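In what follows, structures are represented as C-alpha cells.
Two complexes are shown next, each including chain A; its partner changes from chain B in the first to chain C in the second.
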Partner chain A sequence: MANIDRRIIYVIMMLAVIYAFIKPMGLPITVSQHTKTAYNAIDALPAGSILVLGMDFSAGGIPELEPAGKAIFYQCMKNNVRVVFMGMWVMAGDMAERILTEMEPLFPDKKYGVDYINIGYKAGGAPMLEKAVDDIVLAAVGIDHRGNALPGNMAIMQDFKSLKDVSFWVCLSTGTPGTGDWIRIVGDPLKIKGTTDIVSVSIPEQMPYVQSGQLTGIIQGMRGSAEYELLIKRPGRAVAGMDAQSLTHVVILAFILLGNLGYLVRKKS
Partner chain B sequence: MVTTNWWLWLAAFFTVSIYTVAFADNNLFRFVESIFVGTSAGYMVTANWFNYIKPQLLNVQKGQYVLLIPFLIGLLVYTRYVRSIAWVSRISLAFTLGYGSGFILSKNFRPDFLTQVIATFRTLDTFNNWLLVFGVITSLTYFLFTVEQKGVVGYASKAGRWVMMIALGAAFGSTVMARVSLFLGRVQFLLTEWMFLVK
Partner chain C sequence: MVRKELPLAITFITGGIVILANFLAPAWFVQTNKDITVWYQIVTALFCGLGVVNLCRIHGKKVSQKREGWPFSVVMLVSMFGFMLIALYVGQQHQLYKNLYNNTIVPLNATMYSILVFYIASAAYRAFRVRSAEATILLVTAAIVMLGKAPIGEAVLGSWVASWTTWIFDVPNTAGMRGIQLGATLGGIAMALRVLIGIERAHFGGTGGE
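On to the complex of A and B.
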C-alpha cells in the first residue's frame, strides 16, 4: 500500500473527476462569511460608482478566478456600477475580453466606454499602479486594450481620472504582482476598500490581510467562485466543478490514509 | 458528438498531450511543451510591444523626449555583449535595484508590518482572538535564538512549532486544492467544449 504506482492514482483521480462531471451528485455548497462579506460590500456600492477589476492572472488561473470575475461583472451591471478592467499581468487584457465576450450579450443596453472599459495589461507592476493613483491615462500610456485612445471621448474616463476615483477594487490574483500591491498602493494609503479573488494556493498568504481588515472579505479559489455564483443566483462553471473537487479530495484523502497504513504495517513487520 | 471547431481540437490535443507526462516522459510531451514555451514568450513580447512600447514610442514622436531617458538606460543592458564595456550594463541594473528597494521600503512598511502588528492587539473576548494571540506569541518565541529554549520558553517554542506546522499543513492543503482546480478546469474544457458530454 505504501508503494502504489503513481499512475494508478492518476487514473483513479481522472475517473473520479470525469464521473463527477458526467453524473453530478449535487453536494450542498454553503456560502462562507468571507465571500458574503465581499459580495455585500460590492452590492452596497451606489449606482454610477466605479469598481476596478484587477485582472492579475494568466490562463492558468481561469478555472478558479474567471467564474468569480464574471459573477462580479454581472452583479455590477445589474446594479449599474461601472467596471474598469486593468492588470499588471501580461494576459490581463485578454482575460478581461473572455469575460466580456460572455457577458456583453447579456447586457445589450450597457456600452463599452460608458459602463465598462478594458484598459488591459500595462507593464511596470507596482510602480505602474502607483502611477495610476495619480493619472490613469499616463499609467495606461494613453491606450486601452482595444486600441482606443484614452481618455478619448469615452464617458467613463470623464469620471475615472485616477485610482482615487474608484469606490471599490477587486484583485483577481494568482500571485505577484497582485493583491499585495493593491493593498499597499491603493487600499491602505487611499483608504479605498477592496477584496481579492485568489487562487487556493495563496489563501493562507492573504488571510492576515482579511484579519486586519485590509481586505473586505476574500473569495477563495474555485470554492469561493462557486459561492459567488450562488450569491448572484447564476450557477456556472465553478458550481459545476465543486462535486468533482470534493470527490477528488476524498480520493486524495483515501490515498493518504492508505499510504500511511502501508507505512505502519511495513514498520511493524 | 465532438466539436468541429479546429481551434478547440488543437486545444484538446495540447491538453491531452501535456498530461501524457503523468504516465511517462515522452517526445509528444516535449514537443508540446516547447511549443507552449515559445508561444508564451512570443505572446509576452507582442503584448508588451502593443500595450506599452509602441504607444510610448509614439509619445516620443509627439515630443515627450523625456521618455528617451529610461529607454536609453534600458538599452545599456545590452552592453553586456561587448566585453570591454560590459560594466556599463551595471548602471541600468543599479538604477532598477535602487528604485525597487526604495519603492518597496516606502510602500511595504505600514501595510505589511505596522498594520499587521496592530491587528494582533485584540480584545481577548472570543476563542478565535485567543487562538490568534497564542499563535503569534508562540511562533515568535520559536525564533528567539538568544534565549535558551527551556522552561516556559521551551514549552512556548514547542507550541509555536506546532502552530507553524498546522499553518504549513493548511498551506499545503490549499496547494493541493489549487492543483486539483487546474486539472478540473482542463477536464471541464474537454468534456464541455470539446466533447459536448456535459452541458
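On to the complex of A and C.
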C-alpha cells in the first residue's frame, strides 16, 4: 500500500476524469464571496464604460480561465459595457479570438471596433503595460490582432486612448507577467479597480492583494469560473469540469490515505 | 574594457534613470524613462528573431550531423517555418491558420499542462506522509482545501469544509504569503542594487559575482 506503482495511479486518475465527463453527477456549486464581489463590481459598471480583459495566459490555462473570460464578456455585452482584449503573453490574441468565435454569434448587434476590440499580444511585458498607460496606440505599435490599423476609424478607440480611460480591468493569468503587473502599473497608480481569474496553483500568492483591496474579489481557477458561469446563469465548461475536479480530488485523497496506512503498518512492523 | 565596463555603465545609467523617474520624477528623467520603455519593447520584439536564429543554429546542426533525435528537430523546424509562412501568407484570421492553431498548438500546449494532474497525484501519494506533527498539519490542511475546492466536499461533508477552506486561504495562507512576498521583494531590491553597481555580473556570462 505504501508503494503503489505510479502507472496504476495514472490509470485510475484517467478513468476518474473520463467517468466524470461521461456520467456527470451535477453536484451543487456554492458561489464564494470572492467571486460574488468580482461579479458585482463588473455588474455595477455603467453602460458605455470600458473593461480591459488582460489575456495573460497560454493554452494550458484554457480549462481554468477561458470559461470566466467568456462569462465576463457575456456579462459586459449584456450590460452594454465595452471590452478590450489585450495581453502580455504570446498567445493572448489567439486566446481572445477563441472567446470571440463563440461569443460573437450570441450578440449579432455588437460590432468589432465599436463594442469590443482585440488588441492582441504586444511584446514588452510589463513595460508594454506602462506604455499603454500613456498611449495605447504606441504600446500596440499601431495595429490590432486582426491587422486593423489603430486607432483607425474604430469608434471604441475614440474613447480608449490609454489605460487611463478604463473603468475596470480583469487579468486572466497563469503566471508572470500577469496580475502583479496589472496591480503595480494600472490598479494602484491609476486607482482603477480590477480583479483576476488565476489558475488554482497561483491563488495563494494573490490572496494578500484581495485582503488589501488591491484586487476586487478574485475568481479562483476553474471553481471560480464555474461560479461565475452560474452567476451569469449560463453554465458551461467550467461547471461541467467541476465533477471531474471532485472525482480527481477524491482519488488523490484516497491514495494519500492508502499511502499513509501502508506507511503506518510498515512502521509498526 | 568594452566587453565588461561598457555594459556595466549602460546598466548603471539606464537603471539610475528608471529609479529616479519613478521615485523623484524630475521631468527629463520621466520623459527618458518613457523612451526607455519604447526601446525595451523593441528589444523584446527582437528577442523573438534572436530565438529563431538560435533554434535554427542548434537544430540545423543536429539535423546536418544526424545526431540522436534529429527527426524531432526536423519536425520542429518545419512546424516553426510552416506556421510562420502560413501566418504571413494568409493572415491570422484565415480559417486555415485558425484550424492549424486550434488543432495543434492549443491541444499540445494544454496537454503539457494537464498531465500535471497525474504527477501531482503520484507526488501527493508519496509525499503526504504523517512522519511528524508538521507533516500531519500539512496533510490535514491539504485534505480540507482539496475537499473544500471541489463541490463533492460540501455535498458529502457539509458547508463547514468550504468555510474552513476560505479561512485557510484568507488567514494563515495570506499571512504566510505576505511574509514570503515581502522577503522576496527585499531580496529583489538587494539583487537589483547588486546588478546596478556591478557586484552581480552573472548576466555577462560566467559564474557571476566578483
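Keep this in mind: the second predicted complex is superposed on the first by the 269 of 269 C-alpha atoms of A that agree within 3 Å, B and C clash if a C-alpha of one lies under 4 Å from a C-alpha of the other, contacts with A are read in each partner's own complex, and residues count from 1 in each chain.
As a convention for this text, a contact is a pair of C-beta atoms (placed from the backbone, for glycine too) under 8 Å apart; a residue touches a chain by one contact, two chains touch by 3 or more.
All values derive from a computational prediction rather than experimental measurement.
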{"item": "First, second, both or neither for A:32, with chain B first and chain C second", "value": "second"}
{"item": "Chain B versus chain C as contact partner of A:203, first or second or both or neither", "value": "both"}
{"item": "Which of chain B and chain C A:255 touches, first, second, both or neither", "value": "second"}
{"item": "Partner chain(s) touched by A:97 [first = chain B, second = chain C, both, neither]", "value": "second"}
{"item": "First (chain B), second (chain C), both or neither touched by A:183", "value": "first"}
{"item": "First (chain B), second (chain C), both or neither touched by A:240", "value": "first"}
{"item": "Contacts of A:10 with chain B and chain C, given as first, second, both or neither", "value": "both"}
{"item": "Partner chain in contact with A:142 - chain B first, chain C second, else both or neither", "value": "first"}
{"item": "Chain B and chain C footprints on chain A, overlapping residues", "value": "6, 10, 13-14, 17, 60, 62-63, 91, 93, 122-124, 127, 130, 141, 145, 200, 203-205, 208, 211, 221, 223, 245, 248-249, 252"}
{"item": "List of chain B residues in touch with chain A within their complex", "value": "22-23, 43-44, 47-48, 51-52, 55-56, 59, 99, 103, 107-108, 110-112, 115-116, 118-119, 132, 167, 170-171, 174-188, 191-192, 197-198"}
{"item": "Contact set on chain C toward chain A in their complex", "value": "34, 37-38, 40-41, 44-45, 47-48, 91-93, 98, 101-102, 105-110, 112-114, 117-118, 120-122, 124-126, 128-131, 139, 142-143, 146-147, 149-155, 159, 162, 166, 169-170, 173-174, 177-178, 180-181"}
{"item": "Chain B partner contacts - residues on chain A that touch it in the complex", "value": "6-7, 10, 13-14, 17-18, 21-22, 60, 62-64, 90-91, 93, 120-124, 126-127, 130, 141-143, 145, 180, 183-185, 187-188, 199-205, 208, 211-214, 221-223, 237, 240-241, 244-245, 248-249, 252"}
{"item": "Chain C-facing residues of chain A, complex", "value": "4, 6, 9-10, 13-14, 17, 25, 27-30, 32-33, 58-63, 91, 93-94, 97-98, 101, 122-125, 127-128, 130-131, 134, 138-139, 141, 145-147, 200, 203-205, 207-208, 210-211, 220-221, 223, 242-243, 245-253, 255-256, 258-260, 263-264"}
